[in-house]
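In what comes next, subunit A is part of two complexes: it sits with subunit B in the first one and with subunit C in the second one.
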Partner chain A sequence: MALTTTRARPVVGARPARRRESVLARIVRHWADYLYIAPALIVMLLVIGYPIYYTVYLSFFATPPSLSMDEKIWVGLDNYRRILRSESFRDVTWNTFIWTIFSTFFAFVLGFAAALVVHREFIGRGIVRGLLLIPYVISAVAASYIWRWLYHSDSGLISGVLMDLGLIDRPINFLDDIDRVMPSLIVANVWKEFPFAMIMLLAGLQTVPEQLHRAAMVDGAGTWHRFIHVTIPHLKGVIIITTLLLLVTNLNSFTIVWIMTGGGPAGASEIWITEVYQLAFGRLRFGLASAYSVILFIVMMTLGYFYVKALTRGDRRRRPA
Partner chain B sequence: MSTAQQTLPAARAATKAAARRTRRRRGIWDILGWIYLVLLLIFTVVPMLWMLSTSLKSEWAALQQPPQWLPSNPTLRHYERLLSPYSEVGPTFLRYLFNSFWVSSATTVLGVMIAIPAAYAFSRFRFPGREALFFSVLLRNMFPAVVFLMPLFIMMRWLHLVNTHGSLILTYLTFGLPLSIWLLKGFYDNIPPELEMAARIDGASRFQAFWRVVMPLSAPGIIATAIYSFILAWNEYVYALTFLNNEERLTLPVGLQRFFTEYASNWPGLMAAAFIMSVPVVALFLILQKYFVRALTEGAVKT
Partner chain C sequence: MTSQNDRRILSQQLTRRQVLGLGAAAGLAAAGVAPTNALAQSDKTGVDPEQWNPETIRQMAGTLEVNTAEEVAEVVPLDYKGKVSYWYVGPNEASSEIEKQVDAEFWAAFKETYPNIEVNVQNLDYNQMLDKLRTAALGKAAPVVARMPILWGVEFAAKGQLSEISLDEFNFSEEEFWPGALKSVTWEGKRYGVPTNNETMGFIWNRAIFAEAGLDPESPPATWADVVEYSKIIKEKTGKAGYGLVARVNAGNTPFRFMPVLWAYGGGALDEAEPNPTYDKIYIDNEGSQAALQTHYDMYVRDKSVPVGALTNTQTENRDPFVAGQLAMMISHPSEYAAIIDAANKATGEDKVIADQVVESMAYGLIPEGPTRRAVVFGGSNIHIFNPDLVEGDFDRDAARALIAFMCGPEWSTKLAWVSSNPGNIRGFRTTWMKERLETIRFLDVTTSMLPYGIPFPVIPESPEIMNIIVPEMMQNALTESMSVEEACQTAREQIEELLTGL
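Right, the complex of A and B next:
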């Protein structure tokens, strides 16, 4: 303990007291560096910076339901007021909440357990890992149709098997039922998403030093205790990042809901993203949809803040800039 | 001395007992693990096998209840129809396939080419604004595509790019480029700068050092990034749905949906189309799994 403090101090003190340079001078000195990022920067400004600006701008206007943006009327914060006060916003937000939380939770738990299992050595491990990852790589459109077919009310596999087993008498209606639609969609989403959590956590598990486990074993710690006191603390960073990325992906996921139910029946599976899409391209209410997007932005930025913080913690430690 | 000799065997026995205990406890966890793995494999694999099995059935057989696990009269008819240029849907489907290849490849090549110098600069140089710029790159991953959709759609109308592949290639850079920069930076971070310095001392210019030393070493990283970006572009649906109307120009994900609305009850045909669409990405992924996994986890997991 004493040794580390005495060693750490001189390093901090011995930092070369570099002459302070003005920002402009540094920019000039580094001018050539900017050439490397210039193409990327231009493209990003065009396809990312500008859209963000325009969305915020448009959110203050009422737009007539047409594609030409010439007749828009300045309405200030009216769009926001209308959205936040509307009854459907409450329902859609609740759906979004359920969808995001449950998808993230189950994808994480299934993925973590899978990572622990395939981390052990056994014959055929490579094949098993590959198989488990496939749902993540295939397109969400294909996945949506596969699950729609599995859920099919007359000829679906799931109803068929359950009837074969004598568990039910009549086929279950999974997607056309207000109460069942959300859980059914979440199952399909978890099927597609859990491999992501698995890969991330598996990569994390591979960085846990074997000696730590040995040491804990010598101390008499069983599998469970080693998991709680060695594995989990070591994976903290990866766990945070994986959870945040899953939250963001689920909050943003559009395809599965759109193709499987389109938000129905009766809006029972409508989430923010599908609602924004309906508003913009179904009803051509660009102003309203923009305001909706900005609300989404704010939620994302909050999550994004924690994501960047979690990511850069490791970066700073490794190489002080 | 004598006490030490006495306790040694006792200690050994104690360790052995402890080891046996942990092994027994491990045994329970092992069994639970195997059960879980089997259930998870069923959950993962059955939907995919069901797609394959359905795609080999006739339309009538597919609607049978109870469902047939394996087709009693397997047929390749749906695949033939989709892939033959002489059937009624074949030409359209092949066109979708070609469009998807073209758009995904162009996006990948363009994205990686622009990303390489940027990622290198973010990894090596310490110019003012570097951190702020890099974080804005990261933050892009947070934004939903749907939010970009409206302004990009309006922009594409101005540029007269609606209904062209150019609009897709350009917009796919919204996710391809930040992702490529982020992944490649991770790979460049892992290449020691000393190697370039050595090359510089030997008389190479900065560009030569980059081209001759860094590029070959980062080839796996570039491959990983390219696959990842190709897969994302291949699977992309929202932009393609919004920007393309022309039947001739659709990519596979949207094309699949068109098929579905047209041949609503033809589930085997749809499953065959979904299978064909999955083959390239799954093949790419299985061949280059190691790189792909590295690309996914790079950055989040620091060793």
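Right, the complex of A and C next:
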């Protein structure tokens, strides 16, 4: 698209010809735009802004012995200090790190592989695409119960099949073992999530110009080189966004862990989000849970910043000078 | 009473209900039934073993005719027009058909009695209802009436989220309820609910597995040390799981099955098992508690004689292996029998043959005793009216009173507890429906025999956290060997101390 401008091209090293407009001035100049989005902004302030404010506010209080929040006790930054100094915070953070990184990595890799497969023409491709989407469309609650049954340490299907095949002589303890529980949960989570990565990357693959591949082939590039030098650079934006979305989703992921293990055994699968829930609704420490949420919010906002930045990078490139 | 009484029970059952009562009688006899410490424990519940035992209950059953409509009409006129919202833990997929049927009959009967009262009913899962109620109350969207497990009510009362009630407004008197049950609805001298049912569990075992393991099929373990030993023998001799241990966090099944062991060894969370509990002493790390936790460690870690999935299992997950003849012992309600018969009826082929054999081999007895006492949780449910300020929509107290009076009267108090429990309104024991229960429900005698050994959970607002989180986490810390038994108990103590001294 050809863009024209009457603005003078700035000379390198020279001051801009026009003074930069202040934020307020720009808002005033675009008042009609703001008016149009005002209803949406007001609703967002009410349903997002107020809860955020109240969570931050509550994070400075402790729950009283009566458990009544009408009598909450001001403790300043104590909740934050307690969380950051506690051993359980370190354990939960480490679990969250493992859960998020490995879930994201394997969901991405598996999703990418699946996308590459279903991008090719073959008989029954539509059916395979549909089948691969099943984990994504199935309810997380239902999936969690199914996986719990598959993994069950006494009567689980996986152990049962392996025992019938003579590969093991006693059931594998997936969910009741502190070392195996997290990998087991990650497998279930990756199974649930990889179709999302597949959809995103498949959409991206469909935008890679065929002529680029052909040109590379003419230049003698093999499959691997075309993948590395043509496909990947073209998918860079999609890859970043998919990865960020997977990271955010996994950091917020609650259902699978909560239903399958409740954070156990002995806290071995406790992650931030289940800890926040447990603190608030299991232990009624609303202040502590709020402080935890604020910390989580900061982490998420940081990721969100990069997400938006990645999303709008192309826009800025296309913005008129 | 004691052994002489038990012999009478045994002889009655063998002659009159040989098939139905054999297992229960064997359990009672084998366990000695002698309530050696029941008199002392009955102080806490008001269940006097002289007055409340299988024989006296059998004698009083059928001596009272009740007309519920007449009784409730004195509370709220039958033509009253109103509306009430009601949340409860009702029958679910795992419940027996008879429980579902009774529940449906209750709502039909209420509709017939009060045709102009509209009830907005929500049947919630036990493990989710507490969180939902807490959230709803904070969000001022609570139901008008809620029936809650006995453990929860005080927390809501302490937070000022329940309405104070008097028994008079439902035309009830204190004599109609056990003192221990009334205590569970009382906070700082004020009453906040009405007991709907009070329950104690029994010990269930599969006689066929006992025989296969070379154990006397008619003799259940008398002590918790025996449970450990029997569990080990069963695992070694048959390869099947011995005892159905459960240790899931945030699941009501866990404290109901583990606290009796703690109490049996002289332990406890607080001093709730003492004659005059003050709830200001912590017992979770005393020698008794450590010994009790050691029994579970021995079964799970040392002997590997219990289901491996115990840390994520609830009692529902024990039922399938029990029906499949793969689990020998567990603690549960009499309703377990009805549920297992249902499961057996649904089974097909070879599974059906095995399930039918298990039903035939199923026996109930007293929960084993420990060095200090025999104990069981004095559980049940209470019904409460929420604070009008926290209720969503109209607050119609008369409609709520009608529902509570109807539900807690002798008729429905008995019928709603049909296969699982005892009527909260003890007039229910005298009704013809109670007589029918005794004649048709197997193993009911066992749980009524356990009543005098009942110990209520501490009546403090912190109880749900202690029982649903701290105690199960203590178990998990020890059973996963993340901590030693001593360290797990010490950690639990620190958590309870912190909890009681302010959050």
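List of remarks:
As a working rule, the second predicted complex is superposed on the first by the 271 of 321 C-alpha atoms of A that agree within 3 Å, B and C clash if a C-alpha of one lies under 4 Å from a C-alpha of the other, contacts with A are read in each partner's own complex, and residues count from 1 in each chain.
Keep in mind that, in the parts below, contacts are C-beta pairs under 8 Å (C-beta built on N, C-alpha and C of every residue); 3 or more make two chains touch, one makes a residue touch a chain.
What you see is a predicted model, and the numbers here were worked out from it, not measured in a lab.
The superposition on subunit A brings subunit B into a clash with subunit C. In the superposition on chain A, contact is made by A:Gln278 with subunit C only, not with subunit B. The partner of subunit A that touches more of its residues, comparing subunit B with subunit C, is B. Looking at the shared chain after the overlay, A:Ile259 reaches subunit B, while subunit C stays out of its contact range. Using the contact criterion defined above for the overlaid structures, shared-chain residue A:Ile27 touches subunit B, although it does not reach subunit C. In the superposition on chain A, A:Ser153 contacts subunit C only, with no contact to subunit B.
Two complexes overlaid on chain A leave one subunit C stretch from 7-15, 25-33, 133-141 or 295-303 clashing with subunit B, and it is 133-141.
When both complexes are aligned on chain A by C-alpha atoms, subunit A residues 67, 69, 152, 154-155, 171, 281 touch subunit B in the first and subunit C in the second.
Taken in their complex, subunit A has these residues touching subunit B: 23, 26-27, 30, 33-37, 39-41, 43-44, 47-48, 50-52, 54-55, 58, 67, 69, 110, 113-114, 116-118, 120, 128-135, 137-142, 145-147, 149-150, 152, 154-157, 160-161, 163-164, 171, 191, 195-196, 199-200, 203-204, 207, 217-218, 220, 222-224, 237-238, 241-242, 245, 248, 251-252, 254-255, 259, 273, 276-277, 280-281, 286, 289-290, 293, 296-297, 300-301, 303-304, 307-308, 311-312, 314-315, 318-319, 321. By the touch criterion given at the top, residues 62-70, 73, 148, 152-155, 171, 173, 175-178, 260-268, 278, 281-285, 287-288 of subunit A touch subunit C in their complex. Remark: subunit B residues 15, 18, 21-22, 25-26, 29, 33-34, 36-37, 40-41, 43-48, 50-51, 54, 62-67, 114-115, 117-118, 120-122, 125-131, 133, 135-152, 154-155, 157, 170-171, 173-174, 177-178, 181, 189, 231, 234-235, 237-238, 242, 252-253, 256-257, 260, 267, 270-271, 274-275, 277-278, 281-282, 285-286, 289, 292-293, 296-297, 299-303 touch subunit A in the complex.
Within the complex, the subunit C residues that touch subunit A are 131, 134-135, 138, 155, 158-160, 241, 248-250, 307-312, 317, 320-321, 326, 461-462, 465, 468-469, 473, 476-477, 479-480, 482-483, 500-503.
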